[in-house]
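Got some structures for you, see below.
Here chain A shows up in two complexes: once beside chain B, once beside chain C.
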Partner chain A sequence: MTFETIKPHLPWITLLALVAVVGVMNDNFLRPANLLGMAAEIVPLFIMALGLTFVIYIGSIDLSAQSMANMITVIASVYLVTLGPWVALLCAVAGFGLGMLSGYVTTRLLVPSFISTLAVGGVAFSLAQWLSGQRALYMDAAQRNETFGWMIGTTASIPNELLIALALLLIALFVERRTTLGRALKAVGAGELAATASGLNVARVKMLAFAISGMLAALAGLLFAVKLSGGAPTIANGFLLPAIVAVLVGGTPLTGGVGGVVNTAIGVLIVAVIRSSMVYFGIDATQQQMVFGLVLIAAIALTIDRAKLRTVK
Partner chain B sequence: MSTSASDTAAQGRVAMQQTRAFRRPSRETLIRWAPLLVLIALVVVFTAINPAFLSLRNFGRIAIASTPALMVAIGVTFIIVMGSIDLSMEGTIAVCACVFAYFFLSWGGTLLSTAWVAIPLTLLLGAVLGLLNGLVHVLLRIPSFMASLAMGFVGIGLAILITRGEKFLIEDEVFRGLVTYRVLGFPIMVYLALAALVVAWFIQSYTRLGRNFYAVGGGEELAHASGLDVRRVRVMGFMLAGVFYALAALFAVGRLGVAESVSGANFMFVSITSVVVGGVALWGGIGGVWNALVGVLIVNVINNGMVVIGLPDFLQDGVLGFLVIVAVVLSTDRRSVSFVK
Partner chain C sequence: MYALQKVDKKFPGVHALKAIDFQVGRGEIVGLVGENGAGKSTLMKVIYGAYQPDGGQILVDGKSVRFANPRQAMERGIGMVFQEQSLIANLTVMENIFLGYEQQFVRWGVINWREMAEAARHQLAKVKLDIDPATVTSSLSFAQRQLVELAKVLTLEERVEGHLVILLDEPTSVLSSEEVQLLFRLIRELTARASFIFVSHRMDEVMEISDRIYVLKDGQVVDVVSRGGSSAETIQHKMVGRNVNKEYYREQRQKPFDSSRTLVELDGVSLPGRVTDISLKLHAGEVLCIVGTEGSGREAILRTIYGMRTPVEGRVLIKGQEVTSFSPRTAASLGVGYVPRERKIEGIVAGMSVYENMTLSQLGRHSSGGVLKLAEEKALARDWIKRLSIKAHSEHADCGNLSGGNQQKVVLAKWRSGGSDIMLLDHPTRGLDIGAKEDVYEMIRDMSDAAVGIVLVADTLEEAIGLAHTIIVVKDGRIQKTFGATSGVKPTPFDLLHHMI
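Showing the complex of A and B:
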């Protein structure tokens, strides 16, 4: 049994091991209420990571996800009054459109994705500041409860956020496993040149991956805005790092091609356990960045497929 | 008959190519001079809209704002010339600024005492952080953009650990003289930054290390085949960049008189934008520290000019994002790139 044979199983082994260790040290940790609360807490991050999975799966990266979510919290807060429930559609379309823009710039204008998404993130940040007038915004509590209250309620003592997360996971899983787009994404992730040679419209597939990422980042922002009942241009800062960490520790490498949305679900749970255990061990919330930065390096080093990188730039 | 016809056609083509070359400067020339032309055009436009833009006072303001950014841009230029990228500057600057302020304050709090030791110490620290960055990238064989992004997050966390969320205030008049003491209208730190630029130019053009950066950026496999220790050059590049980030940290603290965990905030976006807009190709091998200077000036002239002509400052990130895309598109030789990630 070599490392390569257990590598695909590492994510869930890590998750079980972490849960066991933390469970032994902290009696409260394994109580169902605690586990449910912990899982519900992480849902906006999960939705963002779910979108990022598609982009990382094709070997690209989306650094605009956090700015996108920031911008959407502002849009949701500003337009809830006039649009009511339709604001959700506006958010999804805005996310899809800006994601598509990143994809266009990457594939048609040949700008590497980490630069194109950084730039689109800058555009989103400007939009957010312009719309918000550089202030924190608050939703009208009554209107929020009437329109989006269902998002943060509970059904049979299960938080609705978890049900939303599950529904999105199933849709994403369907797209990944049962649609031509999913197969095309796999082909592009496994080898872009081969996919092009097979007659696949690679540019279109990649643009759609960025658009999906943008849309899910927008939904993450919307849910976050509803939870906090407001928005601001920097409110979701701190999402990007754990979201990328979640995708990578889940087992979707930066080089793409393997892994997928189920892996990301496991990865997000790993992040959630690490987070709550850090809180339990008294590690300050601001220190989490440092831990996640180190976890990120370890996760990339373990998962990346070096055969795909001719030179490591 | 058929040969002479094709000869004539060939001659015609050559003639056409010659006239085209005469009418239009070559792609390389255009890319080389475009950033400078853009800078001049921006100055002309802003001056036309508001003549107050073209004053020594305002240029002093632009120069002060540009100084820390120029140091970061020079550092990252070395990395981009190698074809890599470094996104760790926000963390490195934050750690350097906080460590500097901590020791500066605890060793006397004024440049005239032993506290000056904090300055070389900070430069050394920058080199060590850059070294770590390079080692993570090279030894673990992780793409540099991700290795450095992660190390940047670690750096910011470290800075929070050092400051515990507090701010360090540096009120020493001698150290703040960097920005308050002016010669010919510009503060001393602007001259120091220009001196650092000349040093960087010397390293780039007249040292073996500097030439090796271009060898790696121009074609890593060829450089390796020629017997160059590419991994060593990469690590050295990140170390050198770290020293310049440390300089940026010193100037940033000197400029504001404050060191805190967010001292490095926004330097990543601005410096990468500057370098790329200045004409350093992301693919490596093209451009240098003078491009970094022009790029930093373009970005800061835009930032300053937008305020001077009365546009809201929140448009800046959007405008810069747009600019960086245009710059990358213009500098990409589309024939040589088959696909990008």
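Showing the complex of A and C:
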């Protein structure tokens, strides 16, 4: 048994091992209520990671996701008063549109995705600052509960957030496995030149991947704003690194073509366990990003398909 | 002085070199010929240290050696002049010549450029190239770059004690005939200091320059011919290992095509770069071969029909309809299928299954409202696996794990199952073994019977002649001559070669 044969199974083995270790060290951890709470806590991050999966699956990257979520918390807080439930549509459209813009810049102007999305992220962040006047904004509690309260409620003692996450996962899984878009994304990720030579509209496929990522980042932002009952241009800072870590430790490498949304679900759970174990081990919140940075490097070094890389710049 | 004894090299699924015995004497020029896939490039890589043999030994001056990498081989005097030029375009000539060996000019951590230029001039004089060593390489002509490559390898003379062995991989493919003669004269003069291994597709050149010729077939040395010891035809026979007879290319199955139905018409098409004023017509059931040297514009013509290149002048008509937007998508929707030369890069998607590959060009047909009809796709794949006898454990097999011949069948099935009736085949038999080649020839005849028009860029001239109804010879991006090549009136390779170079 070589490393290559174990590699596809590494994510869930890692997850089980982590759960076992943390469970042994802390009796409280394995209690259903704790597990449910932990999972619900991570849902906004999961939604963002779900979107990122599509972009990483085609071998690109989306660095704008966090700024997008930031901007959406502000938009949601500002326009909830006037638009009511329609603010959700505005958020989704804004995310989709900005994602499309990243995709356009990447595919038509041939700007590498890490730069195009960094730039679009900068635009989104600045929009958030401008709209919010650089202040933290608060939603009207009554209105929030009336419009979006269902998002953070519980159904049969299961947090609704988890049900939302599950629904989104199933939709994403359907897109990935059963639609022409999903097939095209796989082809672009695994062999872009062959996809082009087969007559696929590769540019459109890529733009849609960025748009999906943008839209899901926006939904993550919306849910986060509802949870915190407000928004601020930096409120979701600290999301991007764990979200990318989740996609990569889940088993979708930066080179794309393999993995997928189920892998990301596992990856997010790994991140959730790492995060709560840090609390048990008494690691300060300010030090968490250090851990995620190190995990990210380890995950990339382990999972990347070096045969696909000629040079690294 | 340099010898291989019973050298073996295996790759997963391929026995690339089988007990090769090979010798180069002092000052000798040794030719190396063989069909694509015969093992030439593997053998070269073993010689210059890029591959390590699995069995047998390498002897330099009678002593057994083992090279872990090309640099170690260079330190023993074995250098390689690359076909795809290894010079870095934005460096100067002298920087290229001494790339990796700048230390000799470094004083106090700084390169003494004047000293390097002087040394470079000395190297360039060896190849009789009178250019300023500070010239940026990208501004040189192809022939000049080839000579700089040679000069770079000749720096081994100063660095290494003893005699050199220099590999020349297709050094003439981009040279004009005068430049070829200059290069040959130079090589002959240099034999005072070095031995050469000359690899080329051009039989006449190999025969002209070589003292001895090794003929390689299926990873084995099938013959060693001394100068004047054999005719080009005999050597070719040995390379192919059988009479290149009519049966091999399924000539008896060649039928007249339907000249009343024009599928593709190019009218005065010019592309950015070399390709100029190309006019041709492809009819239903016709096999049209484009022959020419590497870089003559053969591939560019194919890619234009497939919409991957946009002409600056002229018109492209597909089934009478003028193409206005050039993209593979448009071409594919008009029934054009493209089998690219780089099978593993552009032909198949490794990591996707056989059925996913087969329907990749026709996702719209196997879906409704964007949702795939998986059962239909799999049924189609099973049908074509049977029809083309593709060796795969099922339609779920990863295409990347199939053999070259089966991958090629998947690519053909991808287009044929979608009903493409204009097929562009770029080196469809490259790297395939004999059996798989014959399968491809059989499929070409099947397609002709089904009134498919085929534009073919063949692997060898014999293949082009054997398969074609019509042959177009291109040189430097222009059509030189058109030959009718229906059974009974086929031109000889020499007829074609004459217009190619």
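The criterion applied here is as follows: the second predicted complex is superposed on the first by the 313 of 313 C-alpha atoms of A that agree within 3 Å, B and C clash if a C-alpha of one lies under 4 Å from a C-alpha of the other, contacts with A are read in each partner's own complex, and residues count from 1 in each chain.
Please note the rule applied: a residue touches a chain if its C-beta (ideal position, glycine included) is under 8 Å from a C-beta of that chain, and two chains touch if they have at least 3 such contacts.
None of these values were measured; they are calculated from a predicted model.
S.K.: Who does A:N201 touch here: chain B (first), chain C (second), both, or neither?
M.R.: So A:N201 only meets chain C here.
S.K.: Give one of first, second, both or neither to describe whether A:H9 is in contact with chain B, with chain C, with both, or with none.
M.R.: neither
S.K.: Counting only touches as set out at the top, which of chain B and chain C does A:G257 meet: first, second, both, neither?
M.R.: Touch status of A:G257: second partner only.
S.K.: When both complexes are superposed, which of chain B and chain C contacts more residues belonging to chain A?
M.R.: Partner with more touched residues of chain A: B.
S.K.: So in the superposed three-chain picture, is A:R183 touching just chain B, just chain C, both, or none of them (first/second/both/neither)?
M.R.: second
S.K.: So, A:R31: does it touch chain B (first), chain C (second), both, or neither?
M.R.: In the superposition, A:R31 contacts neither chain B nor chain C.
S.K.: For A:A119, using the defined touch cut-off, is the partner it touches chain B, chain C, both, or neither? Pick first, second, both or neither.
M.R.: A:A119: touches chain B, not chain C.
S.K.: According to the stated criteria, A:L193 is in contact with first (chain B), second (chain C), both, or neither; which is it?
M.R.: After superposing on A, A:L193 lies in contact with both chain B and chain C.
S.K.: Please work out whether A:Q134 is in contact with chain B alone, chain C alone, both, or neither, and reply first, second, both or neither.
M.R.: A:Q134: touches chain B, not chain C.
S.K.: Should A:I297 be classified as contacting the first partner (chain B), the second (chain C), both, or neither?
M.R.: So A:I297 only meets chain B here.
S.K.: Which chain A residues are contacted by chain C in one complex and by chain B in the other?
M.R.: In the superposed arrangement, which is not itself an observed complex, chain A uses residues 193, 196 for both chain B and chain C.
S.K.: Can you list the chain A residues touching chain C in their complex?
M.R.: 178-184, 186-187, 190-191, 193-201, 257-258
S.K.: Which residues of chain C touch chain A in their complex?
M.R.: Contacts found on chain C: 306, 308, 328-329, 331-333, 338, 340, 342, 345-352, 356, 360-361, 363-364, 367, 370-372, 374, 414.
S.K.: Of all residues in chain A, which touch chain B in the complex?
M.R.: It is residues 59-61, 105-107, 109-116, 118-123, 125-127, 129-130, 134, 192-193, 196, 202, 241, 254, 284, 286-294, 296-297, 300-301, 304, 306, 309-313 of chain A that touch chain B.
S.K.: Where on chain B does chain A make contact in their complex?
M.R.: Interface residues on the chain B side: 83-85, 87, 136-138, 140-147, 149-154, 156-158, 160-161, 165, 220-221, 269, 272, 276, 282, 284, 312, 314-322, 324-325, 328-329, 332, 334, 337-341.
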